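Shared between the two complexes below is subunit A, which has subunit B as its partner in the first and subunit C in the second.
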Partner chain A sequence: MVFKLINDMVSSFQLQMDRLTSDIHSLLNKDLVKELHKRNIYTVIDLIKAIQVDRKVVEKISKLHLREIVDLNKFLLKKYGPCAENAFEHYQRIILQSAILQTGIGCLDKLLDGGLFTGYIYEICGLPSSGKTFLCLSLARHILTTTKDQVYYIDTKHDFSATAFRHMLADSKDQAAEILSRLLVVRVHSRPEFLNTLFSIKKILRVKQTSKLLIIDSLPALYFLNGNHTENNSFLNYTVNILNYLVNECNLVILVTNLITLWSDGDIKKVDVMKERISCGGYWANVPNARIKLKRKHETCIVNLTKAVKAIPPNCECELKFTSQGFV
Partner chain B sequence: MNQNIDTTALPRSKIEELKNMGYHYCSDVEANLEDLRSVLNNDWEELAKVPKVENALEIFQKEVLSGCILTYNKELDKILQNVICPQTITEFTGFSGSGKSQVCFQLCISVQLPKWCGGFGGQALYISTNKNFNSSRLRELAKNFLRDYNSLKVRTQKTEYNLTEESIMQNIHYIDIISGEDLLSCILLLDNYLEGKNIRLIVIDSITQPLKTMEVSARFGLLNRFFQQLRILSNQFDLAIVLTNDLTVRFNEKDAIITPSFGDSFYHMVNSRILFSKNYSVFHAKLLKSLNNTQIEADFYL
Partner chain C sequence: MDTDSSCKSRIESGPQLFRRLNSSSHSIDGINPALFPNGGPYPNKVIEITGELNVEKTDLLVDFIVKSILPTKFSKEWKSSGVILVNTEFQINIFRIIKVIEAHLLENNVKESKRHLIEEALKSLIIINCYSLEDTELAFYSLEKLLFNNGNINLIIVDNIAANYWIAKLNKNTLSYFQHALKMFDLIFNIIKHLNATLVFVRHENKDSKKLLRNIDHQIKVECISEDKFNFQMTNFDDNSSFNVLARMENNILKFS
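Let's look at the complex of A and B:
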């Protein structure tokens, strides 16, 4: 039998560090919580550790019976620990909840094996002005016109122009206002704002799934803000955690745009050779489940699939045309 | 999954203090906000603030009402349609003498066009780093502008909204900058200066000079902080920003390519880029990057 851990607690592979309160369990009354706090046992993990280290001490503080403490311990582990899920159940849940969002671009759908799968993070990368934002808008347009879902758009450098998007909706006539009202744009300027936004989206989607697509345009604008590697990694870590949670638990497709820059190598012999480099560092490079690379060529855009959800198809290239309604 | 307090903008020391007190998640802090007043001093609401979620319809209505800044030069305006909008950053690039500063002067005047004829009725701030600011040329352009404006007023039989050469000149603020550090500190302190004034356009001419004098390793971080601050300002005061940038040479194997300075990450951070050039007396402008993704060119005279 195969067991699979679902990452309900991607943030720490151990227990959650929720603060002990009196509404967790009937045995934990207000006085007991106060007493525990006094002895530096603040969080769920602190209490479980204390029980593991010396059950007698906890017994003394709480004046509970051994049986009750064991029950409490079991309850806490079940509620706050990672839970194992049978592979078959997991498979059934995935089949029930997930969906494939078609992109509306024939050759891109073929390349992506049908479209965008919920539960995955897709990255769109390319040199500046290669059509990354335009591809995002084309996909948003297709989802908004063919379904009744909302689309979230996190804009980090004010690249979203509603006027430009309205032009792409020229043939939907009187429905245009309704379509526009379902595209929710958040403009963020700093990292904490960005993470607050992601957590607030999580809160909304946990209540009711009103959206299947979240677009983040662009990540490097936030990543570049700081040159400190430790802070950058910690920022990416928290971002990746919440993104993983959103795709898995809220069944979203997340599109992230990333930048490719040209660099000359440090090597003296090759000092005049420019190399392409994907931004946001080596850690991020492993995060997206699929990577779509764009390259502009006059009025068309060459799309290259460099990382795929399943296997990369033998023909991993296709050509998109810029039109007034988006990519075709 | 809960939000860790590490993700907020709280200072490191405060985070450590909270963690020692057993608070690891934002939700826990929120539930005990009254007890934590002494540690947090009422900052929490600001820290936990989620940026406003707007739907595209609201944004569209705003964009239609505010419009964009044009030069009222018929040929050039073909490419400036929906480019220099409030809350965006536009980059002008080209060799010296290709008309970048001239177009900037013109924008400083045309942002003052009153609202009744589709303008912004605002003021402009000109931050000069290369002493290219020329007030006599500005006066000349203002004279031409007034001639057109007054004939329009006669045609539409309007009597109010008088503009004079003096008022136009008075509505252009000017700051002189020497070094890169000056530029950043100027931008960081600018919100005090902008308060209460109706400034709708900031021109930085040019961004190249002060940054080139800095060490390469310091430049990258500075540039990004600079962009972040510009975006916050442009959002807060609903203003458009225009930067000018010089060209440089880049080598790739045996080719030498002429490109604007500061590489690809700089190019990524601006919303639109216009390349200017000059051939005898004809000026040429090419829109390389824009929000609606069209590349168009135009010839014009100044």
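Let's look at the complex of A and C:
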């Protein structure tokens, strides 16, 4: 059922964009669109494929001249295809919008070569109760109190507490309400709702960049909703595509929390030897551009950078202290 | 009657003829003597880069990109050539490419304005970001026109060929990773096979990895020895030869031994 919902929802987004209609191009009149539909050519990509594979068949169906079909093909590729951009122009475009978001935690900024870079997906992983959510809230607090930007917070575990976050703002009594108004918390209950939220954020940010930070806390809560491997990875694939769009085209920093679990090899002699495994499977493992691993140690938290945007520094570890206002 | 297939005439499209007549002066031959000791890679050749899922393969792709777009007057391995990058995994980005360009300029002790050289090099690179399976297919369909309009392009890089496998599998549950890679490879190969460009693509290794895609000329299998040391196992299918090349990452440059 969940699989069907994802499929329906994502398909509906694609169909809105790609379905062949008579208002796409003057050569595509209503009769021709009807004829194409009869031959199972429903979408723009179906038509482009048909033109590439057998141009003569399309000529016969459409009664268009070769020149007109070539022009139509060019038009469709230009309008619906991905943008082919010269790297220098691409660089000039993104350099104007890119930023480094400082975390407000000195040693973490040093570890991350200055802070969180827009255009990248960062994963915060650790065992349960290692401080992943607390680190997310600390980062959100710092961005909200030092800039006028909004922060999106997608809460999949349903444990975000506005009261607890309000306590973290004890220093900013007068502005607390205004700061809280810029923290946009979305509590999602299902995968379609989650994907829908991401599409909505994309739509908003394409109009105006009001935010540079999106926090997803946490991914495994959605990934482990069912046990079907294909459905789980398909869901992740759709998620990754939209996350990549958000970081690259909307210049966001995306923080995703992920679980580390402990596994035994099953060898009776090594029953105490446990191996750590990052959740969400092999497909996800390669997706984040940087991976920040947390380990709880009494009243502190050890941070380890296991994958970096640039190179991993020689000293890839630092220690954070829990305080009532977040990590320091 | 002569039945030798080499004597048969071949019908060429306009872009194919244009590319054949115009690309003789451009080539990325000699870009990496360690991996191609007997010359090459030559136009219309296909190189597959493979390796386990968690092994970093994009360093080699970035090496190909940077050496292609940098001006040939400073190094024999630099080719003043255009490149198209079909980006589906987003592990390669413009800042990473610039960083590697800077490292190469420093390594070769280039005295000219670095800013100008970087700008000129970036102008030779076309990036196509693909955010869906449809985007990737449409990117492949648009390659012929891009190659026709940019006569200096000799290298097409796809990272990776089997992207969006799980979305494709959603529509056809029996689809294997290999079948998906094969379908996408056939699609791009049929478009560019006579357009005088070299194709380099990544395909992650999995249980089907022993199966080979058709029409591959060279396969480079990447193995990680340590964090910054790699072994590249090169297989040439022209003469069925195979050899290993060691490399290490030093100051953002892959150094081959």
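In this section, the second predicted complex is superposed on the first by the 302 of 328 C-alpha atoms of A that agree within 3 Å, B and C clash if a C-alpha of one lies under 4 Å from a C-alpha of the other, contacts with A are read in each partner's own complex, and residues count from 1 in each chain.
We take it that a residue touches a chain if its C-beta (ideal position, glycine included) is under 8 Å from a C-beta of that chain, and two chains touch if they have at least 3 such contacts.
Keep in mind it's a predicted model, so treat the numbers as computed, not measured.
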Ask   = Counting only touches as set out at the top, which of subunit B and subunit C does A:Gly119 meet: first, second, both, neither?
value = second
Query = Looking at the overlay, does A:Ile292 come into contact with subunit B only (first), subunit C only (second), both, or neither?
reply = neither
Ask   = Looking at subunit A, does subunit B or subunit C touch a larger number of its residues?
value = B
Query = Which of the two partners, first being subunit B and second being subunit C, lies in contact with A:Gly131: first, second, both, or neither?
reply = first
Task = Could you say whether A:Ile48 touches subunit B, subunit C, both of them, or neither, answering first, second, both or neither?
result = second
Query = Touch check for A:Tyr245: first (subunit B), second (subunit C), both, or neither?
reply = both
Message = Quick one: is A:Ser234 in contact with subunit B, with subunit C, with both, or with neither? Answer first, second, both or neither.
response = both
Ask   = With the two structures laid over each other on chain A, which partner does A:Asp159 touch: subunit B (first), subunit C (second), both, or neither?
value = first
Inquiry  = According to the stated criteria, A:Tyr91 is in contact with first (subunit B), second (subunit C), both, or neither; which is it?
reply    = second
Request  = Look at A:Leu213 in the shared chain and tell me whether it touches subunit B only, subunit C only, both, or neither; answer first, second, both or neither.
outcome  = neither
Message = So subunit A touches subunit B in one structure and subunit C in the other; where do those two contact lists coincide?
response = 18, 234, 238, 241-242, 245, 249
Message = Which residues of subunit A touch subunit B once you look at their complex with the stated criterion?
response = 8-11, 16-19, 21, 37, 40, 42-43, 46, 127-129, 131, 133-134, 153, 157-167, 177, 180-193, 195-197, 199-200, 202, 218, 220-221, 224-227, 234, 238, 241-242, 245, 249, 259-262, 264, 272-274, 279, 322
Ask   = Quick one: in the complex, what on subunit C touches subunit A?
value = 53-54, 84, 89-91, 93-99, 119, 122-132, 134-139, 141-142, 145-146, 164-167, 169-170, 173, 191, 227, 252
Query = Along subunit B, where are the residues that touch subunit A in the complex?
reply = 1-4, 6-9, 21-26, 28, 31-32, 47-57, 59-60, 62-64, 82, 85, 87-89, 220-221, 224-225, 227-228, 231-232, 234-235, 250-254, 263-265, 267-269, 271, 273, 288-289, 291-293
Ask   = subunit C touches which residues of subunit A in the complex?
value = 3, 7, 14, 18, 45, 48-49, 52, 74, 77, 80-88, 90-91, 94, 119, 230-231, 233-234, 236-238, 241-242, 244-245, 247-249, 282-283, 285-286, 289, 310-312
